[in-house]
Amino acid sequence: MGNECSEPVSQIHLTPKMTVGELVDAMGNAGAYNGGALFRAVQIYEKMLRDKKATKFFGLAGAMVPAGMGGIVADLITSGHIDILVSTGANLTHDIIEAIGCRHFHGTASCDDIELRHDEINRIYDVYLPNKAFEHFEKFMQQVFSALEPESRISISGLLTHIGRRTKKGILHSAVNKSIPVYCPAVQDSMIGLQYWLFSQNNHVTVDAFADMPALMDRCFTAEKAGALLIGGGVPKNFILQSMLMTPNGFDYAVQLTGDRPDLGGLSGATLDEARSWGKITEEAQAVTVYGDATITLPLLVAAVMERIHHD
Amino acid sequence: MGNECSEPVSQIHLTPKMTVGELVDAMGNAGAYNGGALFRAVQIYEKMLRDKKATKFFGLAGAMVPAGMGGIVADLITSGHIDILVSTGANLTHDIIEAIGCRHFHGTASCDDIELRHDEINRIYDVYLPNKAFEHFEKFMQQVFSALEPESRISISGLLTHIGRRTKKGILHSAVNKSIPVYCPAVQDSMIGLQYWLFSQNNHVTVDAFADMPALMDRCFTAEKAGALLIGGGVPKNFILQSMLMTPNGFDYAVQLTGDRPDLGGLSGATLDEARSWGKITEEAQAVTVYGDATITLPLLVAAVMERIHHD
Amino acid sequence: MGNECSEPVSQIHLTPKMTVGELVDAMGNAGAYNGGALFRAVQIYEKMLRDKKATKFFGLAGAMVPAGMGGIVADLITSGHIDILVSTGANLTHDIIEAIGCRHFHGTASCDDIELRHDEINRIYDVYLPNKAFEHFEKFMQQVFSALEPESRISISGLLTHIGRRTKKGILHSAVNKSIPVYCPAVQDSMIGLQYWLFSQNNHVTVDAFADMPALMDRCFTAEKAGALLIGGGVPKNFILQSMLMTPNGFDYAVQLTGDRPDLGGLSGATLDEARSWGKITEEAQAVTVYGDATITLPLLVAAVMERIHHD
Amino acid sequence: MGNECSEPVSQIHLTPKMTVGELVDAMGNAGAYNGGALFRAVQIYEKMLRDKKATKFFGLAGAMVPAGMGGIVADLITSGHIDILVSTGANLTHDIIEAIGCRHFHGTASCDDIELRHDEINRIYDVYLPNKAFEHFEKFMQQVFSALEPESRISISGLLTHIGRRTKKGILHSAVNKSIPVYCPAVQDSMIGLQYWLFSQNNHVTVDAFADMPALMDRCFTAEKAGALLIGGGVPKNFILQSMLMTPNGFDYAVQLTGDRPDLGGLSGATLDEARSWGKITEEAQAVTVYGDATITLPLLVAAVMERIHHD
């Protein structure tokens, strides 16, 4: 019938001071559930990063920068491991907030949100962000926007590059430094967007919603191979996966870290197998989904892959 | 200390042929967990729909149209219960597909996606959509886009109105009929967007990403009161809630139906209490989240509210 | 390849005062995700209840009685729709509490649990239960236990029958009235168990952990057909499904309502397909899992099935 | 108002070959969502293990042994870090299966369960277990049971010790070696239970369901302090937490690793705050829940704590 029992589950035995890579290898020898999936994700992501022919996409959804995951993304860009970044507007907003010297803070989800409102603190689950940060953000963004060429037309990634050039650290800064495009299809849906609306009341620069598409589609058509690491779902996941739909190609590598579930039908929780039916990923693609909180699975995945790559 | 035990849980006793409203009332008398939350959602949504001063927002995320929920949305529009709709591009894509006579089909999630690929069937969990539908969609969209004024500039909602005028049923059609705006900040992130990219290779119409903001912000500033029904999270939820951030106002009513969870930090699963800290909803707002699959909770919610409203 | 697109998704159109059965039929015509699964659950559970040859099991896990679901279970017993009940000890504890006239109360999950402790209120998510109820419970249970034959030996279901005979309503009362066995393998793991420990300090009645097995196994061996409705997972689900493992039979009908997820490997979230590999359910079994909160899905399921059955 | 923004979120920067402890520290400096919770879990579990006055409970639910987590549990016992183990019957069944030389195997959840049935393979999500293992298990268990004193009376933990003495590795073996009790209130609900039923058809040994309670309650009454590590929910979590209910004490330390969610009302997903209202954990208890798959969070937690403890 084809079903086989060949590779046994190894019971895990931990040793003090083991490295992250050693821990993930132990999870792989156990091989079950999301621990096993994480090991396979490490294998696939390592292969993808080592594949010089592969164009590397990174999808960033969920409130990852307020949770300290922005450092990992910026470092991956700086190391040359991301060729194309697709992000929600919120992550870029929080990236800019940190880049201009404001901070997010440890808080708690067991609190009185009306009190927080009175204390001028905005809550993101158990992360606190003071209103003051948004005041600095507003000042910075209005200055940045005022340097745009009046009456010009700009793409969303062009707008983000314009911002990134004026930051000294973080995701947008690294992206500008490495000249990689940052796509953010729903940029209006963020504080960046609200600031832009404010700016646009007295200024006339057109942000062309589709101006980024030709360059992206060219990359998709010409990519010899392609891989994607998807953090969360939302617009970034769909925008990356759909980019291959109009081409004869598909993603050859795909790793998804998500806390959603497939049975609700939404794309965010959809399996990568489903993506095969659409041709978004190839029939032979190496693909795996790790279900869980990316504040745990992303650091684990990247640390383990870095250990493997730097081992050479 | 202020904690009280006053209203007892009533054990549920079902009767044959009970109406949906009667069932939800029984859930309310029980009053616990998400069954209790659903009852409170019915109370709040009824109050919101009856409040003539309230501007009514509707956020539509998740693959709801392929699951047959589009009919509920279109009917709510036609009944005058939605003033502003914010949707993902995918839901509008599937709405157009149904509007031009193509269908989604009952399938199964336990299948071989590579076989499906060979059978030219695209899978959305347990819904099947034949490739042929996308061929009809392409033909229709290219025709529709070719009727755009050359070298013109258009907003995203303007583009969607342009499409909706050429459909004979569904969400976009109802929205045009009732002259309500449909916002879709990430329209590029959908088959509509990919078709537009195709069109734009030989045509020059600028879709201005921010052109919808002034009208939306005006509505937010002038709204006496505001309410929101949020299906899923993603861009629609955030875009609706953030729209009040720049105003002195906030949402007075908010009902969220989501399958996500709060502890992952993402906005999609965030509680509406969290939104109070930001001032997105008012301190006194009546708000509730019902966790679960919207293919169950949305029909229940709307049927129960319709029963209450039509009872008068 | 065998994959077909034949039965189209029907967009849902709701009508005021529609019955629960009509709503579930509309969900079935839509047919997607958990709404579609709920419709299939109604079909299977109707068939199971109508099948005179089928022995009907009911598994009750999760804090269902505090949430008002106990009334549904008691009524199903009284109507003859449950032949064998397997429950957690907690549900039976709360059933007794209600049966002796104490109540659970509507509360909130957004509270200070230390304050609740000072107010002598125990919390079950958003349900409150005053300590006083446990004082009445203790008095009742010690009285009931003191009527046990000294130095005797009793099975767990025997102990529960002994208790049920002394109640005037609820699940145990209905079970005694209809002479159906109630199994509770982990009875020690509940307030019933703690009360029994208290009693046993000065009394010697042996509760034989395995005394219920022969009668249960006889039922499993002789059952012409068998069906199971499983609310939640835990011991009730596993105990019911494993009961067929030693027989040549398996369940012919199985409906599971659960909020868990399969990818964590636990039995509570496991699909019923997995149960086919073990032979717990037959190869041809009609089986479906509806993911979601049973305070919504259980009333919906049972009301819709009652409507169908009483329609004749 | 009391809400403060003092400790900032640190963006994570990973380094190759970092140890697990270093990674978890970085998650703690980020401090958000479940990554932050995991760091707090490491801090609490370290303090609990170092506290010589604390009686250490361990709750084991979910299919953890088939997933390779049994090795971690056995090693914790051997290192003296578990004083009282409460387990589901299934985990002990699989522990025995491995102890007698049978293995679990890497499989896949995307499979045909009817084919698996024909191939005589039982599936636990993506773990395969051949029927042959159960044949060996039956032979072993019947031999072991036949060594029980005829007509005797035994507690469940006594029965498990009797089994553990006849194994050469694994959880039960380690527990016997270290003379720690293993409680399994629902032992009937497992293959151990089914084998015992088989044995009991011709043999008369009484397994007294409540015989373990006095010793456990004595430990709870005399414990100076107490701590619990809870993997999953189910009977083990509830049985451990309720054990303090009859005493003036409560747990001083509590760490819960679970994939369930609180809003469904079930104890498995309930927060540890809820347990404060009952007095199961003390008002001052250090307690944290990490939501996610324990095949990832358990190895991370224990490896990080071992690193800290062995560092001295």
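Chains here go by letter, A, B, C and D, matching the order in which they are written, and residues are numbered from 1 within each.
Methods note: contacts are C-beta pairs under 8 Å (C-beta built on N, C-alpha and C of every residue); 3 or more make two chains touch, one makes a residue touch a chain.
On a predicted model such as this, the values are computed, not experimentally measured, just so you know.
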Show me the overlap between the contact partners of chain B and those of chain C. A, D
Top of the farthest list for chain C, CA-centroid basis, is A
Degree value of the rotation bringing chain A onto chain B, based on Cα positions, nearest 5: 180
Any idea how many Å lie between the Cα centroids of chain C and chain D? 25
For chain A versus chain C, what separation do you get between their C-alpha means, in angstrom? 42
Inter-centroid spacing, chain D versus chain A (mean Cα positions, whole Å): 34
Could you check chain C for residues that touch two or more other chains and list them? 32-34, 66-67, 116, 121, 124-127, 261, 263-265, 273, 291, 293, 295
Using the touch definition up top, name the residues of chain D that touch chain A in the complex. 1-3, 5-21, 23, 26-27, 29-36, 38, 65-72, 74-75, 98, 103-107, 110-111, 115-116, 118-119, 121, 124-128, 130, 273, 291-293, 295-297, 299-300, 302-303, 306-307, 309-311
Considering the complex alone, what residue numbers of chain A touch chain C? 32-34, 261, 263-265, 291
Chain D partner contacts - residues on chain C that touch it in the complex: 61-63, 66-67, 90, 109, 113-114, 116-117, 121-127, 153, 156, 185-191, 193-194, 196-198, 200-201, 206-210, 212-214, 217, 232, 234-235, 238-239, 242, 245-246, 259-270, 273-279, 283, 293-295
